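The data blocks that follow each hold one structure.
Here come two complexes built around chain A, the first alongside chain B, the second alongside chain C.
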Partner chain A sequence: MTVTSTDLPTRRNASATLAMLLADSRLPAGAHVSSNGLEAGLRHGLAAHEVADYMRTRMTTVVRVEAGAAVIARHLADVRPSADGAADTEQGSGDPDRDSFRPERNGIAPERDTVVPDRLGVLETEWAARTPSAALREIAVALGAGLARIGQRIWPQTAAVLRPTPLPRPIVLGTIAACAGIGAADLVRLVAYDDAQTVAAAVLKLEPTDPIRVTGWVLDACAAMEDSVSELSRLTRPEALPASGAPLIEDWAEVQSVLPRRLFRA
Partner chain B sequence: MPEFPASERSLRLGVAGPVGTGKSSLIALICRALADEIRIGVITNDIYTDEDARLLRSAGVLDPDRIRAIETGACPHTAIRDDVTANLQAVERLENDYYPLDLVLVESGGDNLTATFSPALVDAQIFVLDVAGGGDVARKGGPGIARADLLVVNKTDLADYVGVDVEQMVSDATEAREGEPVLALSRTDEASVARLREWLLALLASHRAGAHEPQDPGPMAPHFHADEEGGYVHTHDDEGEEHSHQHVRV
Partner chain C sequence: MTTIAVAEAAPGGPPKVRLTPGLLQPRLVTRKARFAHVALVAGGATLLGGDSVSIRVEVGAGCTLRIEDIGGTVAYPSTGRPSDWNVDAVVGDGAVLVWESFPFVVADRAHVRRRTTVRRGADAQVCLRETLVLGRTGEAGGRIVSTTDIRDVDGTPFFVEELSLDGEHPRPGVLGRSRVLDTAIMVGAEPEEEAPSDTDEGQVLVLARPGAVARAIGSATHAAHVDVRWRRWTNRAERRTE
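This part shows the complex of A and B:
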């Protein structure tokens, strides 16, 4: 199925607006079922006062994998017809901070229907290899499906890629970023912020703490990530995806998936 | 949103109501009464997962794999109303695994009187009260009591013990609902279970015929839409109208 340009929405939103939308927990994407492994962590020795460290540790480990996968997916999904009609996958401006939507990106090359899914399939394999916990992969696909449901409706040009197979959340996010116009650096920050805020929302339910203090932890974690934004936002090749998983986080993800009397699915 | 006409997939029926009023028991009753005739699946939303699903599985009324529990991250209200994604995924997966199903029952986590299902998740909903919660609850109203497709006043066998006049409670409820159906139910009262069964089969037939239109009980009182001609309120009047959600000019 190819979406013709006449079907495309005429709406234009800034990269920052789109990032805010996608990072907002009020977005109906089903993300409130996840604590990012915090529930299992707290039951297995993580102290409430160590949650800030947990958020920061995630930034240097699993978040690098997620953000990297999102950026690479954004790059791979960004197929535009070039002057001679061949698919062009180069970053248009080479500027990862590009913050304005460029109308010509809205054009969907027919190649997207086959080339993009194939490329994203390669990326998914690389991502899976760096995400050894089956429970982590499973929740990523479930959250990806929730986001894809929104993506297909709001940005119909993503449907050809997102509809056929369930993809993990970072790859869905990258695909939406390519079609909707989110810059690569904003995308990295979005993944980081969402990751920390997920832990923050969960800790307030699991170990009631001063919510404003927890808000500070989210900003600390995001600040710790800032030095890596530039490096991660320049990734293009699936093989270059960081392999920075953390065995303890993976272990907690596995524990969480079978935790009795749990509040959160993940 | 469904990509094919709703009438071609299962009827998705929500069961909401305060904690302990008998939602799981009602689902078990429905399964017992109808599992031989129609293909049923169940999704439960627990606060602490699995309790309801386990209870239903152990009731032995349905293949245990057709009863699935979802976790709501301590947001039972959100999961049936503002962000139904997790429930919708579970319903669709169940429908897919056991295609074709006639009926999927979704039990909400026990919540307060304001919790109702979004029409994005269910085609119709039952709101369950019980006599033990007090005879005046029905009069207190709320979206579920006033505008669910069916209001059940459960555990009528206990009425004498808790000093509740069932007839009065039903008539209060009927008034609050402007005549929409109210069912006094007890699992020990065969006739009441038969009425539940009849109501459900009629709803299923209407759903299959494409005549049933999901109604949103809404979060509050009947909603008022201002427009340039003075506005209109929604009522729920379906005297054989194909469009049962009428807009009445005021």
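This part shows the complex of A and C:
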């Protein structure tokens, strides 16, 4: 079944509202199953006092890959026909913050519904090549499925892309961002915030400490990421996806997937 | 630029081997049917600040090339300019490249950019070994950004990674306080099933496309290594074109 853009309900929210919604742990997306490797890390040499540092390290490694994939997916899913019939993938004003809300957009045009999945498939291959841990790829697809269920219902124009194949979370997020209207810079910040807050929520269960102090760590990690927001939010090509690796994070993900008596799935 | 190019001369016979010396000197060790073994010898005190080592490798269709570094490499303290180490390999259809390297030591205040690019033809197999050591004995180690980009000739990627390490600034989740990262990369074949008690060599990361990355992270090269898996993978790869 093809959903045409004319019979879609047009749900319009500001980029900031959408980012708050998607970063909210109360959203029924199933994100609470992840500790972002913290549980295995704490059992394999990561000290409790290093958790703030761990959040910052993630910002310079895995978050760059995830945020980059979300931004590129947003770009690729935002396909509108242009005068010469070629896919128009211009980023509008070029300012990622001002580009965030375009009420004229009707999401993914139905005639494009093989073009977008094909392009996202290329992005997924690039993402998978930068995610050598099978455990990390699996949890990304599981979390992507939780988010895709919400996405298809709330923004039906995403269904043509999200229904047929399971996609990793950053690509689902980027597709929702394209259709719902989240700006590229907000999207980067959303991925970064979500990553740190996931670690924060997990550390309070695994090594209980002062929750207000941990909240400070989240903001510090996000602030450390801020210098990269502009660079990441301008990515468009799948091959340009950052590839910053973190061998221990990848190891811990593998260990976590078979950890006995674990609290978290990832 | 150092060049090692191997191509079939007559069907089933020993391949034609073309060697061009650069900062590293290639030496032919042995040659037999569809197989060549080349050693790489340092031409001087590599690697100094500002040095740029380039190695080009071409393995013709159906050939197997084994490259072996003779002795490890030490990247010495940079005098303000980073040093570069670039490897560019093209592995033809049905060909095999096995590159056995010795530890690459990044001394205090060294600054190295290392880039390995591999383009793989249909049904080709590639095994690469990379042992990074931060610092000589008693040192914390310098900075290295090591980039690996392994794709099919049509651009479809297997493994793409940019690893940024700095001995002065260890990061939890990257190497933590460890100084040694031993890596074996194999693409073009599925890794064999392993019994859980087979080795204690760290994790095997099974890639999304046929291939795997074995890693060991630790404080010394004798304790953190992937020797067993490397031998297993390379033995299997080299048997393919026999």
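In this text, the second predicted complex is superposed on the first by the 255 of 266 C-alpha atoms of A that agree within 3 Å, B and C clash if a C-alpha of one lies under 4 Å from a C-alpha of the other, contacts with A are read in each partner's own complex, and residues count from 1 in each chain.
We adopt the following convention: a residue touches a chain if its C-beta (ideal position, glycine included) is under 8 Å from a C-beta of that chain, and two chains touch if they have at least 3 such contacts.
Source: prediction; values computed, not measured.
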Requested in this report: Give one of first, second, both or neither to describe whether A:220 is in contact with chain B, with chain C, with both, or with none.
Outcome: neither
Query raised in the report: Taking the superposition as given, does A:138 touch the first partner, chain B, the second, chain C, both, or neither?
Result: neither
Requested in this report: Return first, second, both or neither, reflecting whether A:207 touches chain B, chain C, both chains, or no partner chain.
Outcome: neither
Report task. Report for A:26: first if it touches chain B alone, second if chain C alone, otherwise both or neither. Result -> first
**Report entry** Chain touching more of chain A, residue-wise (chain B, chain C)
**Finding:** C
Query raised in the report: For chain A, what residues appear in both contact lists, the one with chain B and the one with chain C?
Result: none
Report summary line: Within the complex, chain A is touched by chain B residues 1, 47-50, 70-75, 78-79, 82-86, 88-89
Report summary line: So, in the complex, the side of chain A touching chain B is made of residues 26-30, 32-35, 142, 145-146, 149, 153, 202, 205, 260-265
Query raised in the report: In the complex of these two chains, what residues of chain C are touching chain A?
Result: 147, 149, 155-164, 171-176, 181, 202-203, 205-209, 213, 215, 217
Query raised in the report: Which residues of chain A touch chain C in their complex?
Result: 37, 41, 45-47, 50, 53-54, 57-58, 60-61, 125-126, 128-134, 137, 239, 242-252, 254-255
